[in-house]
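In structure tokens below, several structures.
Two complexes follow with chain A in common, the first pairing it with chain B and the second with chain C.
And then the complex of A and B:
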């Protein structure tokens, strides 16, 4: 069963799993980092992710092009983000409550429109075979990397640069830091937040497209296992830092791959327990980040979950 | 950027501002000469902010004319003012705390490019800073700067933007005296060298006499006086500000004589860092006596107050009120008539979004006239009680149903004091009661405290203002490092000796 490489199969399977599983985390958390850096929190990402998965799949089925599907998902996510951002600009509206409503709304809408697409098969996103040099089939399988993964890593570095070296990035940080300061500078905080929430929504929906168009690669109502929500915890864990998001996504991805990896090396008992690893990790991240004294270090001051 | 630009001359002629029948500003003219440091003095509500808002374009005056450098200027909104080189520094900070000073300055520029070239940006900043009379760390997040440095950064930001005329709206209200001196010293240096004109809103006489060249005094929307700051004495300025309206004067003091009301015996508790211990060996306050607690802030006064308020558990010792052990429960406070007025009452003694009426009822809403606990509220009685208190203490509130957070600082303090002094008071614990209040409110609050004392209340007054302690107290104790290190009767207290004990240099 292990094909002659024995226990080596475990880290290899985990590596492959981490790359596969982390991609949606990466996109959702990068988007949410930008949203939260503007001082808003969007808990609706789970719903946006599910809707993104559905719309990507549906458009891919219709057009035969998976990349058109990804673009459609990004567009739908941006629209959901705009809805969140627009509602939240009214006084006394709580962004957390709107986020929860949006989560239910997005999933519900996705199930409604997605019914006819459960059966047909959509073309998958292409993968790059980075493991062609190796003769070990497990390693080759692990290094089948989808193009979205390197795209996400690149996006993280672009975001880090943008937050530091562009006018838009500084404006985003000012808005997240203090509405007062933004007003004094003539920056329209609501507009910046609207843009940031749109971006966050688009990224979350691309994460969803990855789920339905690559891994697991089908559309059904259980497509998400809470990645949209866990990504919010992941952002806190990553201290609102795009590069931190890459590391945290790989860690969460690796934890998510633990269960299947154990199974692949022939462990038949108790691996179910390890399926819970990402959730335990989420819990751990939340507890660690709310420990008194260091709570919210690095958190945007305008964020309602801040200290 | 034009930090070398000449200072602007700004003149407002016949400015008036009416809101319906209410006249906020009545035909006020003011001329701020180029390169001068002009103080605008007045009580809260005298029209200082309205005048400044009209100059800066935040409000459109009902009548009046504005001249900048002798030419008529039409200012419709703050952007027009900025284009003419007029800028404003607010009471609170407007720099983003997690950005560095350099980032704050870079983003403040109107013409900041989409992609920042940090090398060019730094060269520009270095060039600008070289012309400034002081240095500031540019690469630390501004939250790491002291309040004084942040206020200086605010001023720098305005200069970096090429402002030639600056309005400073009570710029020192969040600064310590030393920081205030630094920030205002910077402004004065810039006006002296002729690159800036400053108009400072204030109600602190010291700032006027030590920094300003000229002063204009407003009262009830009218200009009531002006002149050279060096030629106007303090009393004269005070009289202009207050008009004929008499300041509340404290009653003559009744002699102290009575039993101990509050006794603190060997009380020990950990401080807020948890690393040190607060130990108050023996403090007693008698009937009709004010005991002042002096000390540099952060020497355990806050913990001492928390102990007395029941917010911090004792690890040893005890607190007694009239000989009985006291643990600051609501029942004990009521039975023993203990009242508490913490500092910043809006934050620490009020529910900001609840109404004035409800806030005034916090001590009494849950019992009926006979002192029994009740289930349903008697809203009519609560309203009547609030009406009486508001009238008796002169609280200016738009209505009894307005959220208490809409009141000015002085009126919140009056309302809190009204609640705490209502009925019999055996023990009153007060902390920094005059923080941020204007002249007449300070006098009134102090007179009320003395009156409570004369009626037989024991008063423990914790304050960072030594003048206040000397004026009000019968005896003074000094706290340092969480312990009482010095006691003296107030009558023959030596300020310098108290200062030495506060600083720890006996």
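And then the complex of A and C:
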């Protein structure tokens, strides 16, 4: 930390921000992609994320092992997902409404059980120093990468392969595009959707674990600033494509780092405007992608978001 | 069509998420059924947040030791009609007769309305907004913490090697600006070449943005960080984790930063709450407007950390005595803002009680940042 690096700070901060901030978006949106490809939408991911953040932190405090915390979060998320999937299989149940209820339930439960864990400090997930080759301390700091970030990128490629080229992926897509066709093929749509919602919940909770155990790395009731909700929007932005989720999350994370980075190099006017950058970007992408003829392109036909 | 529908649904989600933010935890440990007075505290966030709410909860904890006082508390109450409901519940269900709604936004209209509705209940609000026109069973109290940020600055000025300090701030309101300016002016008593970069996050509590702001400031070479946000936990942990020194705010964050913690500007609300409670028990009239600073014990400094050098310790002691004098003023002319305009003419000095400071809308020369 000797001396500033002036304007070079901007791209470095955006790179660092993209890596640091995008991981929760990445996990939540990948999980939700799978859920939505099965024809269900789970809006409760925000609640699951908050509960995942809490349970990961609590278990890490108790056991001293952050990875056990991540595992506990994934388990809790899968249970919440299963609850959503189970309720939604009943006829005439609206998955959007259940999702909202689950969001309130997950957050409330997390606040209730999380009370005793606001003060203690949990062990953080270790970071890999990918910037060791560089002599610039700022670049080294930006390239402190948590293992969950490459894991998320890898998961995106595995998911793309699984969705396209495996039997399970085919079953998932069939269920998502037409329940009738699935039934004709002898696929139990409810079971596939239950599994997909479980997976989505587990991924969202791991995203929460990243928040509480790595960055910013503490548990309190304001830990999430709507990552779970924004990620659901990013799925639509990414056109239900796992690789698109990676791009959308990185873009969103990098744009989010723009506001603080600009202020630190002295561009201090209109910072509220820069803080809106990620949302303006998302809104712009939404408007562009809802142009006539392209509305809902790539959307699973069974999805109840209306196209 | 799909985009339109999902936008409206998201708005609905945002609205329902706001509703859930309040969770009822930890009210009323009844100490004695025959308590002479029940005192209610309302907090805007968790009361163990290492920040603003914790500083008030520590004051409330001091009241629990006074015989005859029963304390009821509720946390995570938004500055909406929720606080009105919370106060009603404390009055009607818990029998509270003295209430401390501690967050700035509780005052108007919620506390004022409640004061009119319950003339026999006493209300005292943290923030210093009460005027003669408001109900007589209401009132305000507040502390002058600027001198503590000034002393933070003195220690930071000694400990910085890069001559660059960092301030993570929430919103550019007068009280925050005074803290930023005081921090820099304190540091400049050590070395007039020191600068302080400030980043406004725009909200009182935004964990990820506070961490990003801290990282961005450290990337620009700052090596001592302080802040003014509701919960400094994230800023303190992020800065200390990257090896920078930290000056605390609101409460003592030394447990979070270890030996990177230099000192900190803390509230000491126990002084205020004990004064009110004792007068209340003695059936004396409660003052409507209470303010105080370091000399009155409304604010205090965290104990100096192990890393603080001997020179810094000696200077801290010296400056501490200086700021404790009644005619001391941080903001005195000639003083320019960071755009070059003269904001305080030569020969003028504004002590901490000066009304001029309450409309502060500038950052002084040496602060890198902007109020808009």
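Please note the rule applied: the second predicted complex is superposed on the first by the 295 of 307 C-alpha atoms of A that agree within 3 Å, B and C clash if a C-alpha of one lies under 4 Å from a C-alpha of the other, contacts with A are read in each partner's own complex, and residues count from 1 in each chain.
Following the convention adopted for this analysis, a residue touches a chain if its C-beta (ideal position, glycine included) is under 8 Å from a C-beta of that chain, and two chains touch if they have at least 3 such contacts.
Note that this is a predicted model, so its numbers are computed, not measured.
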item: When chain B and chain C are modelled together on chain A, clash or fit; value: fit
item: Winner by number of chain A residues touched, once chain B and chain C are compared; value: C
item: Chain B versus chain C as contact partner of A:236, first or second or both or neither; value: second
item: Touching partner for A:264 - first (chain B), second (chain C), both, neither; value: second
item: Touched partner set for A:111, first chain B, second chain C, both or neither; value: second
item: Touching partner for A:170 - first (chain B), second (chain C), both, neither; value: first
item: Partner chain in contact with A:72 - chain B first, chain C second, else both or neither; value: neither
item: After superposition on chain A, the shortest CA separation from chain B to chain C (Å); value: 17
item: Chain A partner contacts - residues on chain B that touch it in the complex; value: 79, 90, 92-99, 103-104, 106-108, 110, 112-116, 118
item: Chain B-facing residues of chain A, complex; value: 165-168, 170-171, 173-174, 177-178, 180-186, 298, 300-301
item: Chain A contact footprint on chain C (complex, rising order); value: 1-7, 9-10, 12-14, 16-17, 19-21, 23, 25-26, 45-46, 48-50, 76, 161-162, 164, 197-202, 205-213, 215-223, 231, 233-234, 237-238, 241-244, 255-256, 368-370, 372
item: Footprint of chain C on chain A - complex, ascending; value: 1-6, 9, 12-13, 16-17, 20-21, 43, 46, 96, 100, 103-104, 107-108, 111-112, 115, 118-119, 121, 138, 141-142, 211, 215-218, 220-223, 225-226, 229, 233, 236, 256-257, 259-261, 263-266, 268-272, 275, 286-287, 289-290, 295-296, 299, 305-307
